[in-house]
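One chain, chain A, appears in both complexes that follow, with chain B as partner in the first and chain C in the second.
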Partner chain A sequence: MTAERIPMESGPVTAMDSIQIDAAGLTTQQLNDLLRRAVADGLKKIELRNVCGQRYIGTDLDQPVEIDIYGTPGNDLGSFMDGPRIRVHGNAQDGCGNTMNQGEIVVYGHAGDITGLSARGGNIFVRDYVGYRAAIHMKEYQEQKPALVIGGTAQDFLGEYMAGGTVIVLGMELKPGEKHRARFIGTGMHGGAIYLRGEVEKYQLGKEVGVKELDDNDRAALGSLVGEFARHFSYEAEGLLQGKFIKLVPLYLRPYGRLYASG
Partner chain B sequence: MTIGEIRKGNGDHLLRGVPEGLRPSGRIRPLSPFQGERGRGERSIEALNNPYNDDKVISACSLFGMMDVSGKVFSGKEIIRAIANMHVRSNGLGGGFAVYGLYPRYADYYAFHLMYMNKQARAETEDLLRENFHQVLAEEIPVNPCIAVSNAPGLFRYFLEPEPASLNGRPADDFVIEKVMQINTCIEGAFVFSSGKNMGVFKGAAYPEDIASYFRLEEYEGYLWTAHGRFPTNTPGWWGGAHPFNILDWTVVHNGEISSYGINRRYLEMFGYACALQTDTEVIAYAMDLLMRRHKLPMEAAVSVLAPAFWEEIERMPAAKQELHRALRTVYGSLLLNGPFTVIIARQGEMMGLTDRIRLRPLTAATRGDMFFLSSEESAIRLVCPELDRAWIPMGGEPVIARLGGTKVVAEGAVAAGRAAC
Partner chain C sequence: MKTYLPNRFIVERDPARCIQCEVCVNQCSFDANYRDADEDEVRSREENCVGCHRCVLFCPTRALNIRRTPLDYRENANWRPEIIEDIIRQAESGGILLTGMGNDKAHPIYWDHLVLNASQVTNPSIDPLREPMELRTYLGRKPDSLTVEPGSLALKTKLAPQVAIEVPILFSALSYGAVSINVHESLARAAAEMGTLFNTGEGGLHRKLYKYGANTICQVASGRFGVHPDYLNVGRILEIKIGQGAKPGIGGHLPGEKVSAEVAATRMIPKGTDALSPAPQHDIYSIEDLAQLISALKEATNYTKPVSVKIAAVHNAAAIASGIARAGADIIALDGIRGSTGAAPKIIRDNVGIPIELAIAAVDTRLRQEGIRNQVSLIAAGGIRNSGDVLKAIALGADAVYIGTAALVALGCTVCQQCHTGKCAWGICTSDLRLTKRINPDIGAQRLVNLLRGWSLEIKEMLGGMGLNAVESLRGNRLHLRGVGLTDTELEILGVKMAGA
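Let's look at the complex of A and B:
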């Protein structure tokens, strides 16, 4: 089905520049065709209702449109996206923000495995927790610097092979004395930084990361991103910044450089 | 022998709650393998689909499980919708379902579901069954002939009780396993794909929703259902290679690849389990039977065999726990499942979800009242139950278990600070 042939009567137009689309029963391709058409028509606010597993929502859109998703979007939400701001009123599945270039994804719930994988720009805010391998191979280049801010905690392999960008884990709702459970944090990490509030044992960290105290530059970066996080979810930023943060940084630029060949 | 001779019913007595007018009438059409004159020794589907006799089949699939822990039965309608919602995870080369609480009228009899790839296979199998079992019912499994599935074998079911003389003092379950293995390995083109009591597996080489329509699963009821959509990437799918895999009332649906299949299979062979279906998942069903029924391990210990704690984790455990985990790893090292996997394992009254220790395949769990769900994707759960009490992603290697009788989820395996997001 081509975009030209799709009628736009899927939902009532609520204002001149906004539209509501009922995604019930739509395939991944149909839904993304509708989105492309809506953006091409100059719409600025798009509300998707009854989303249920459709993948790649918002992929390759390159305008700063706002997309509100009600329901459960499928895997690779916002993959390769270049500008839109997506709000998920529920949980996100695996691969959220896959290789996104610019824009924002806000998840009012938790997000699945490999959240923010290979992201090259833009911000992802997750209110609760993320699954395995969040921020795997996230990267940065000059002005392009992605960030993933997690309110709760993360499962194993957070920041695996991370090459750039910023990950913040706020450890909200950890009970007193409770530690993060994530193991293998930063395994193979060779760029970027992970800021972590809440306790972890040394054995939970990958062999390629070191622990550092925060300096003023770190605090400024943290303050700005946590401030944004707090605004999205109506928290007090001040409270979120209290308590001890540690900074995890790579020990080597090429951790496996000598694994297969000497010299 | 013709089909009509053995078929004593048309399956209507099993279709509870279906209005009379909607039930099938008349003869069930002869199935394709019987239409031609394909005899023994000619090309079987098995030979066609796995010409190089590969050791294992790799797959990345869709899984779904739903259970009412109060034991209330429900139709297959919802799980069919749920698994169909994950259509893109499979490729039409395998789909299947397991249903528990399925045959209450024959709850005390072993319900054998058979696939026959040729006429001779059926004749030989029925001879073997007659010699060893008392049969209370034997019939063709009712199918909807309007559903286009390819290469459908002959599909029959038998409700059986071992003849006391045949048992010779052995436990009936052991005897049944021996006969299942005998049929699967010694009779060419015959496969037992379900052998438990008051439960049944329905599967084949098609998308799961098509398999459901073919077997008319909306008309059956059970309190626990699991489903699978297959994406085999190593060998073409065939009817016997579809999931769930079963022995007695154990069923397993699996997403991933058991790279330890060779070791697992050889170990299980020592205990009389013969892997005949050419797909890695088969070993999990047999491993569970060995560990839990024969060796009487509790579910949690069996899980520690399949997905054991890392040695370095064991070193950090308290002494008594260390001893247990070291013993399990030492005794059952050959049953460790290596490679990426998510499985839903079920038996009468119990359903369990488990991923490999570093979670290379996805799993989401959820509860709503007495309902417990496991799925590859949360969206499939939300489709059939939009409002959930709780939806969460279990940690790798930690089982999520639901049992009949209200104890619901005994091992949540939740993240440290997971909020109950609804």
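Let's look at the complex of A and C:
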């Protein structure tokens, strides 16, 4: 199962503190091994070219390095990641930012299912849409507060079991009058907040979710994250903040507190 | 609402011995003993007694005894008292009945129907007092074949990471938050002293126990509590928890009142919030997805640690185990229907899953048939009560066993099944600081070390008696087992012959 390690000299070309790695033909393990060594060598900017499905990119990196990915990274991009800033010049697949602790993932395209699953920290910006179960069981801890900003829309179970953090759905792909399609939004949610621009019907929301109007604090939080989103993708933040946002919050901090009796 | 539940226990207080010292009042965390202010006398509220024996054992004058209430219902094999009282409880609460510990029902306990062999005349037994006995077990994926350098005989095959344990007994997953920090520390220290491992469970590892990382299995469960890079790197083995024997197929809810500041810091969630573990891991809906998390964990730790996958023993455990082995796991932990828990719906604890003995045999048989038994180590859990059970599990096909309840009993647990209340009078399954200090890690670790030492000595005696000098020689060696009082089908699944055959 274990692949032969590739000697550093034979692959990448280095210049100062940056490096370009041609990922064509590399296995997941080979690519991550190169990344691990590049970071250990103190490199700060890493460019991955011709990425094609390699998984877990950035997973055990704990430095604030910048990684630019060209091509299509595979599942679990940045899972368990602790610090790097990844830009995907293409689409991300499933599990992007899975159980991430710190760092940033910017996707210049769309991302698949379970984007930001169980993330505890860091920011994920997806220009287009995300798949099913995005931000499921996202949490927060002390000063760590993850955020997932989605330019387009999301599929079912968005924010299910969400325990903390912020999700913003901007609905940019929706045509006038078109509604978000996700159902079971925030089912079992018991922390954090989802800001949604555009319309949803009540039946699309989980039983444990309440709808609130935004207050000044919400607008400040929204403004800051949407501002960042706009800078990444060269949009006008002002335009993105127009239109009606709703805030989805947990109705109960203990959604399942009344489920049980002592036997 | 007036309760129709009768008392379960009677507290007998001998007035001739009671010195009104109130030790029983202070020791009882269920408020079953109190001082009556009007009469200025220590009395009992028997409706609160759970039968944990804390007061009995701490009464300085031995004035107390606890007995089951003699209140009888009319005989009825169908409508037994427990069934009637569960209905009353639900009629008064409207909830899912929670309970703690493992299945207490009279499902067949196959350990009690299996007997071990011994040498007589035709091959000599070995005296462990004068000959070396090997209990060391290596956990991890073994290669299909080995190649060695001709001449030097150096190993050329690159081995997957292996973890040596000096006794084939590990401490089962008990999460911090369900059990107290002092229990975790007792387990960690005992594991370190005995050269084995303890399992964090799904609640993370307190920073002060990181120094025991070499003796720690770090669990990754659906809630991903406390899972961060330091945690993944500190342990010796990583374990993906898919399920547990006490509650196959469902998740867990640690109520907010058990999430103290320290528990919150270790789980990395805000204090006082419910810690909800969803039923599935939402990135695992298939064997392929499982393979992905296994690989992600290996990548995250640079292929330095074996990855274990723990499942509850269920009907298709053998086929699932095959998938787990093929997904790249190094270890499979199988937890049978008698496995314990800090809290589970009673109806699930008592009705879901299969006995561990049958599961070990089925999984071992299946993996051998497929020629992949070497690819995984098998750890059996759920109802291992003594060293005899350990050896029977190994003879059926396990590499090692997890013990949970037995370890807690060593710490004082009397299996009163009140874990879910968070009021454990023995200070084990609680985060109430007044109670948790009842476990002293110095004493706790010593009691656990003593238990493992005693079992190790017994295992050596039994192995020697069978003419074996290494526990690895017994693994899957079912000829050393015979069945008593079992049907042909049971014998066939267990892969053992009837005693006498």
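The rule we apply is simple: the second predicted complex is superposed on the first by the 248 of 263 C-alpha atoms of A that agree within 3 Å, B and C clash if a C-alpha of one lies under 4 Å from a C-alpha of the other, contacts with A are read in each partner's own complex, and residues count from 1 in each chain.
Here, a residue touches a chain if its C-beta (ideal position, glycine included) is under 8 Å from a C-beta of that chain, and two chains touch if they have at least 3 such contacts.
The structure displayed is predicted, hence computed values, not measured ones.
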item: Per-residue contact with chain A, leading partner among chain C and chain B; value: C
item: Partner chain(s) touched by A:G223 [first = chain B, second = chain C, both, neither]; value: neither
item: Contacts of A:G152 with chain B and chain C, given as first, second, both or neither; value: first
item: First, second, both or neither for A:F80, with chain B first and chain C second; value: second
item: Touched partner set for A:Q93, first chain B, second chain C, both or neither; value: first
item: Which of chain B and chain C A:G188 touches, first, second, both or neither; value: second
item: Touching partner for A:E140 - first (chain B), second (chain C), both, neither; value: second
item: Partner chain in contact with A:T28 - chain B first, chain C second, else both or neither; value: both
item: Chain C-contacting residues of chain A that also contact chain B; value: 28, 55, 75, 94
item: Of chain B, residues touching chain A in the complex; value: 85-86, 88, 312, 316, 358-359, 362, 364, 377-380, 382-383, 391-393, 395-396, 415-419, 421
item: Interfacial residue positions of chain A with respect to chain C in the complex; value: 1-2, 28-29, 32, 36, 55-56, 59-60, 62, 75-76, 79-80, 82, 94-95, 98-99, 101, 114, 117-118, 120, 133, 136-137, 139-141, 144, 160-161, 163-164, 188, 190-191, 253-263
item: Contact footprint of chain B on chain A as seen in their complex; value: 28, 51-53, 55, 71-75, 90-91, 93-94, 109-110, 112-113, 127-129, 131-132, 152-157, 171-175, 178-181, 184, 203
item: Chain A contact footprint on chain C (complex, rising order); value: 86, 89-90, 92-99, 158, 160, 222-224, 227-229, 232, 253, 255-256, 268-270, 273-274, 276, 278, 282-283, 292, 295-296, 299-303, 328, 345-346, 420-421
